[in-house]
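Next come two complexes, and both contain chain A; in the first it sits with chain B, in the second with chain C.
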Partner chain A sequence: MEGSSEPLLDAKAEVANQLLDFQWKLGMAVSSDSCRSLKYPYVAVMLKVGDRSGQVKNKSFEMTIPQFQNFYRQFKEIAAIIETV
Partner chain B sequence: MLLDLSEEHKEHLAFLPQVDSSVVAEFGRIAVEFLRRGSNPKIYDGAARKLNVSSDTVQHGVEGLTYLLTESSKLMISELDFQDSVFVLGFSEELNKLLLQLYLDNRKEIRTILSELAPDLPSYHSLEWRLDVQLASRSLRQQIKPSVTIKLHLNQNGDHSTQVLQTDPATLVHLVQQLEQALEEMKTNHCRRVVRNIK
Partner chain C sequence: MAGELESCKSLSGLLNGLAQEAFHGHPGITEELLRSQLYPEVPPEEFRPFLAKMKGILKSIASADMDFNQLEAFLTAQTKKQGGITSDQAAVISKFWKSHKTKIRESLMNQSRWDSGLRGLSWRVDSKSQSRHSAQIHTPVAIMELEIGKSGQIVAVLALWFYSCGQMGCLRGSQETKP
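Coming up: the complex of A and B.
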């Protein structure tokens, strides 16, 4: 691969935005305006992303448990592939 | 109150006496249609060819007429003031009468259109809420922390936007109290007096 011999710093410089912080929380929705009695667990993720000019943006999103399991599987795969590189 | 027409505006309107009054009436109709739906430059080309003048001249004539009508409607000037304002242009009696009729016929509709141009703040459309309990976070496990998540749906100039907010129940109670206090203000003597006077 062409880029593999280059130092890590160069690869980072190619990326437009950088992940500065990754916060998460596990919550359970118990009631809403459309349904008074819920038992809905979810994972909420709050990302802090900085662009090249230094501007920091907050992005948050929620996942259901199945969605989170899929999310987790992606990272497991990425970690597994990194081991082989 | 008289209209103060700029020199440039007067120049643009100077085209009107050069054409038939039926053409001026047509320009008036086009002007109001453009106010309703937005302008269509192709109309200028067609008219220019028929009248044997440049497209710019037609455009200025229609735009001048539009501006005359919108300014008059905006200020809601009286018939007499409109006639006096147009008098300075030195048009024929017939043309002046035609312009006055255009103004009176379309004034109400133009004012309705103009009222929609007022700066529009996002307004409330609907609200969804959810009561959550936070069980764990990256920094702390084994929690029981209640919070309320609110999705506020807003409308602005026909665009729909949403704002997601989150707060703890204590702050929400405080928020509700503040809003109730604001509503209570409507019942005070001062507000009652103001509302009565507006009505």
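Coming up: the complex of A and C.
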């Protein structure tokens, strides 16, 4: 999409960060010092965001699989709505 | 004193106390607290090895995340060995693990999550009909707020916006090209 200008938002809103990139990885925690048989899958996400001054930051966090499924569902909903607006 | 140590109700309480301290991170559950609350008739020098034995057994079960077959085999072996446990004690331990397994596993998983987690997510879609920088009309923009944190504490709130690239599932924000 051409025209990457910042949206003109409500003056009171403090939405400063633009989502530039979204990376994910699916990991499996196998074992740890507190539990030899851990065996849980998780999704790790790395967001690249840019603020008003152009500075780019990385934000990462982890999600359980149910959390990720909800996260993904929310994005799908957003995508569907954006199409129709 | 052996009779006291074999008491089922006290053992159940003991396992609970051990689990709280070892897995769920509750501080202040000392050997003395457990002894005075659950086995007041037992002298400390006799209680100590008993506590250590039970702690060891519980940790082994939790660490291996034993299913019920493994648990059965493990506890049977413990009853057969020198200085092991009685079959009554094995029954109490088995019952304890079956009802607390999920919760203990959850705590162990949390102990090994060091990265922040997603605590909350909210969003809205705005439709902007005008922009200062270009003549775009009806440019929908998604605004999302992420609450990121660990162990009940919100560490960061990330508010961000993005346009859709027009394809379902592709939600990269448009890249700002610097002059």
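Simple rule for what comes next: the second predicted complex is superposed on the first by the 70 of 85 C-alpha atoms of A that agree within 3 Å, B and C clash if a C-alpha of one lies under 4 Å from a C-alpha of the other, contacts with A are read in each partner's own complex, and residues count from 1 in each chain.
Please note the rule applied: a contact is a pair of C-beta atoms (placed from the backbone, for glycine too) under 8 Å apart; a residue touches a chain by one contact, two chains touch by 3 or more.
Everything numeric here is computed off the predicted structure, so don't read it as measured data.
Which of chain B and chain C touches more residues of chain A is settled by the count: it is C. By the touch criterion defined above, A:Gly27 reaches chain B but does not reach chain C. Using the contact criterion defined above for the overlaid structures, shared-chain residue A:Asn17 touches chain C, although it does not reach chain B.
In the superposition on chain A, contact of A:Lys76 is made with chain C only, not with chain B. Residues 22, 29, 32, 34, 60 of chain A lie in contact with chain B in one complex and with chain C in the other. Per the touch definition, chain A reaches chain B in the complex via residues 22-34, 41, 60. Looking at the complex, you find that chain B touches chain A at residues 127-138, 147, 149, 164. Against chain A, in their complex, chain C makes its touches with residues 62-65, 105, 108-109, 111-113, 115-118, 121, 123, 125-128, 130-134, 136, 138-144, 146, 148, 156, 158-166, 168-169, 171-178. Residues of chain A touching chain C in their complex: 1, 3-9, 13-22, 29, 32, 34-40, 42, 44, 47, 49-50, 54, 59-64, 67, 70-71, 74-76, 78-83, 85.
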